[in-house]
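Before I ask anything, let me first share the structure, which is written out below as structure tokens.
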Amino acid sequence: MRIVAERFATAGPSDCTGLRAALAGCRLDAREVLAVIGKTEGNGGRNDFTRELAVRAVAETLAGFSGESRDEVENRVVLSFSGGCEGVASPHQLVLARNGAPRREPAPEKRLAVAVGHTRVFDAAEIGRLAMIEETARVVRGLMAELEVDAEDVHLVQVKGAIPDPPAGPAPPRCDMVHARAASALGVGLALGEIAPERLSDEAVCRDWDLYSQVASTSAKPGLARSEIVLFANSADWGGDLRIGHALMQDMLDVAAVHAALRSVGLSPVDGQLPAGERERLLAVFAKAEANPSGHIRGRRHTMLGDDDIGDTRYARCVVGSVVAAVTGEPAVYVSTRAEHHGPPGGGPVAVIARAAPTARP
Amino acid sequence: MRIVAERFATAGPSDCTGLRAALAGCRLDAREVLAVIGKTEGNGGRNDFTRELAVRAVAETLAGFSGESRDEVENRVVLSFSGGCEGVASPHQLVLARNGAPRREPAPEKRLAVAVGHTRVFDAAEIGRLAMIEETARVVRGLMAELEVDAEDVHLVQVKGAIPDPPAGPAPPRCDMVHARAASALGVGLALGEIAPERLSDEAVCRDWDLYSQVASTSAKPGLARSEIVLFANSADWGGDLRIGHALMQDMLDVAAVHAALRSVGLSPVDGQLPAGERERLLAVFAKAEANPSGHIRGRRHTMLGDDDIGDTRYARCVVGSVVAAVTGEPAVYVSTRAEHHGPPGGGPVAVIARAAPTARP
Amino acid sequence: MRIVAERFATAGPSDCTGLRAALAGCRLDAREVLAVIGKTEGNGGRNDFTRELAVRAVAETLAGFSGESRDEVENRVVLSFSGGCEGVASPHQLVLARNGAPRREPAPEKRLAVAVGHTRVFDAAEIGRLAMIEETARVVRGLMAELEVDAEDVHLVQVKGAIPDPPAGPAPPRCDMVHARAASALGVGLALGEIAPERLSDEAVCRDWDLYSQVASTSAKPGLARSEIVLFANSADWGGDLRIGHALMQDMLDVAAVHAALRSVGLSPVDGQLPAGERERLLAVFAKAEANPSGHIRGRRHTMLGDDDIGDTRYARCVVGSVVAAVTGEPAVYVSTRAEHHGPPGGGPVAVIARAAPTARP
Amino acid sequence: MRIVAERFATAGPSDCTGLRAALAGCRLDAREVLAVIGKTEGNGGRNDFTRELAVRAVAETLAGFSGESRDEVENRVVLSFSGGCEGVASPHQLVLARNGAPRREPAPEKRLAVAVGHTRVFDAAEIGRLAMIEETARVVRGLMAELEVDAEDVHLVQVKGAIPDPPAGPAPPRCDMVHARAASALGVGLALGEIAPERLSDEAVCRDWDLYSQVASTSAKPGLARSEIVLFANSADWGGDLRIGHALMQDMLDVAAVHAALRSVGLSPVDGQLPAGERERLLAVFAKAEANPSGHIRGRRHTMLGDDDIGDTRYARCVVGSVVAAVTGEPAVYVSTRAEHHGPPGGGPVAVIARAAPTARP
């Protein structure tokens, strides 16, 4: 069992040229694709339709190769696009497929393992509350069991949180993107033992900022009835040449954390940046970004939260995208906002997937 | 003779709290102030009125201490504000004053020397042409002579380029910000010997991109009749504890260049960032930024030039401000766009002023 | 006693060319100026510094003629600038001065009378609550008494609502622009008998949308300790050639209301627009605008509230500014947002000041 | 032969609920659909992907009913979506189908007739030049011949202008949206006799602003090899209950022109706006908008062309959409920018389609 993954640069939200070539060339098998995660050049906000366009195009492309209908693909595969390629951040798709049989004996080095799951359908009144936290945690624990990995092997849990349409009338007070992201992140933290169960309650959500996950990366989608979860871990039972690692950025300028994440997968910046040779082994970087809610960073005032021309989420992605691209030398990075209960306020996790060095291959 | 300089964080474009305290506390003498250079939180574009507000407020503050009128201050002191504090970039003022008598003997280490000058009044038809290049070069050479420094000691030449109001009717075709910045930068390059005189012509402006200065930082201001020039160099004849250095960023992600500029003034990033102790010695960073006109950076597509919601200049400042802040750990950086004939397309100079290490003081 | 008023087009927020000429030419006396109300081309939001720049420039100009200091002018004269000249709305200043002695006998036709007042200093905890409503009403009643006018003679009450800096720590929950505007409007409605006192309470603010004033036009300014109020009425005791009228727009497209307001001051659109001759008599139009909070207008979906690139306040001003300019044929209109308790949700008052027709002059 | 048309409000760019219901209910036959013209809530600029999303969704919906492939639908039906629903402008689709046999005898009143055509494939070097003008005119004349109508019966010619991908290297200097729109409009004007052939030349394009069409409405699309043209006229040979009329707005506030266009199809505003009863008969309004390039409107300065936060095209659509919605009382209007050679600078055509009054039906 191994993860086969490729990253494709896109010329626009609906561009599937790279994916189509990989499918046509049999480098990827459409029926083995688990997830497609991408960045599109929308504004990442309420009126960002690039995500829908990308999902349509990718689903249609996969369907053309797998023999499924577009709807069947959308139900089977996690298609998760995040809008916002501010600054140097470059639009791209990361396609993850799983193939092969289980290893008969553990590998000398752990390799990337990925599992995908869904929560049950939520009631609108549960969003942003303990019920959502616990159901999210249940599914995360299930995916860990499926992969037979411990909490310390888990380096990234991507959640697209449910925001079900309320039965009638206005939505319950927490049935929104902020609380759906927050409860999803707390659910990840609960499952991984980062957060003690007794500290969790309805009241803790978006209030007790000491509670957070260092590996969650959650978004939320109005209209989604159940949360979609992709768990990334390293496992000695899996083969392939990919590994994942992570670190926690304490703030948007925490360069040391990006260095630590890179080193954890065997990559070493020189003079502040990955050399070109090592950069080729970098497959993906995921980071969560948010403008420090205090209005200050490193003791200096920032203006991201008081600007009525450009929203703070656009700035946050631009800043962290630039910082990560500066350290890696690679602009095709995945940065999303905001980051409630993902690290301390103003901070957020960064995860890195890289290919093992050729010399390390058996 | 030495440069006394302080950097003040501002709570808004008209905030002069820090400056007023320094003047009231006699840390600065209003009559010795040569230049105030700052960043304000406007959009940096045509409808950015924060610069005018800042200039008014600073001039009024200085006038209150120097006994001059506001107009007299504006004529004597270079007041240069650049709009655009995107992302982590933090609004601030850098105040430069000159005091003391000439040293009787050269110092063991060169120190920051600053001189200020103006071109003659330009005719609108001269803007963006050889006449502007040569007049700019003449003044730069004069300032070098005044400071008795060679080209290799010059690390930054800030120019606010003239864009005189045309006599009547529409402006001549080049009487705009793009050409005024371009010709000003070429003038700096000519004076410093970076550009061979025989390669310069009207036609070379905004066409021959191989010609550039590595130390220019030019802007342009409609209505300004003569260009304002501030030259920063190191000189053995000057005292104080400040030094300046620079490097050329080949593109927006050229972290190595920022490291080189820091090292040139005795500062050394660790794990990709200046340690807190060294950061305190950093007084100012100046960088020029522009979205790579090719639409690509490091082989990846960027979307800065095709976004009709947010302009490329805002992204460019946000990216380079983030990169420089990531390496220095300091958000109060001065980044301005665009960068015609300032390094190769997509690149630009970065200059650093720092205090000498305490141990280095005699 | 009469109001002398002039409207000046501005070439930028700090442009006082027109005002200066009127003062120099003795058409206006700086010591008689009661209020300067204007529109500037900022974004009208938190990072709009054009208002501060305009206030500085106008105060400085008036001070240069009145012999006062700039601070004295700012304390004596209501200087009220609103940012946001979206679309065809054209930046301008309206200067209102009062001169002459009281009439000995009532005029055959009522004329514009203006009075200016301030509330007491508010406590931050009072903002957006009954205390603010009642104090605002008290001052409005006082200004009516001063002018000896009844409620039906009052056609516009402009309030710049206080938002005092809280003593320490975070602001009380209602100490914000929304609640300060809302309570100020309710205060106007209370004073004018539009709202029954027994229906008012802390809870009614921003909840009971049936309560509103049809003549209020309120804004709010962080840092302002007491509200500034300008009351516009018609009075038989006043002379001059100006009259004011108003109507209530039920929604942003309520053209009939604009017609009614114009007719109330003797102006008649032909084929949907004021003819050029009548337009010359139009001195000022004030309108309050807001995107209908239901997300619909006339049964059609609008997208103003879900756009993360451009804020709803900018759209609202652009729409109502266009509608009012379409009916009047005059782009120098004053439109401000938002409009809590100013008419029904999505609607707002429109007031018109016009010169009497030459034939109507005695 | 008659045009059957319906307008559908959309809940998002891909929403085809209304269209699907009309097809399922047999009110429309997918195989008879000639054109779908709509407005989406994108920014209308280079990074507006809502148009592509809408075209995909509509083509897929039609294909599901017609039995064609999506590509076949896109080749047969003109699918023309314009981004930008600023302010009150409401997203919608207008679906035009043609059915029935030719009338045996002319009707007592002329009715709406529509024909659709394509130019030949253009060479990139022809765009914006006489070749494009003449080929556009040839096709327009052909469509007039097909419908057997004279120039005075033609009230709207919608053109999506070709911008072919250049064979290699950079595009020819005029191969852009500005020149493609301009030449297309001149082509319409040439065909209709609005412009004398001897005044046309390569040089006249975007230079001789006296030359314009009063019924053109052109856009341009990069990547489109041949222009798509939809001609709307009234004909005594056609049946149905629809009629079209038009007028020329001299500037964005030309309310009289909107009145004239409405009256030409039997609709009469009262007090500046169509009464509700007449509004129901209004099927569609098409207007072209542009910020007056002089920077002034009606002698007042506007700020649309110097705003670096919000582009002039967004303001222009918002203003004209508001003006047209104010007069019609209907927010589902189609306004597009810019308007080179569509009326005088700052002006543009407005066309109206309405159902005949019930009493007028035989």
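Read from first to last, the chains carry the letters A, B, C and D; within each, the first residue is number 1.
One rule holds for everything that comes next: a contact is a pair of C-beta atoms (placed from the backbone, for glycine too) under 8 Å apart; a residue touches a chain by one contact, two chains touch by 3 or more.
On a predicted model such as this, the values are computed, not experimentally measured, just so you know.
With steps allowed only between chains in touch, the distance from chain B over to chain D comes to 1. Remark: among chain pairs A-B and A-D, A-B carries the greater number of C-beta contacts. Our note on geometry: chain A versus chain B, Cα centroid distance of 40 Å, whole angstroms. Averaging Cα coordinates per chain places chain A and chain D 43 Å apart. Contacts with at least two other chains are made by residues 41, 43, 47, 303, 307, 309 of chain B. Against chain B, the residues of chain D that register as touching in their complex are 43-48, 303, 306-309, 311. By the touch criterion stated above, chain A contacts chain B in their complex at residues 9, 11, 41, 43, 85-92, 252-253, 255-256, 258-259, 269, 271-273, 297-298, 300-304, 307, 309-310, 314-315, 318-320, 322-323, 325-327, 329-332. Taken together, the chain D residues at the contact with chain A in this complex read 12-14, 41-42, 47, 49-50, 52-53, 56, 309.
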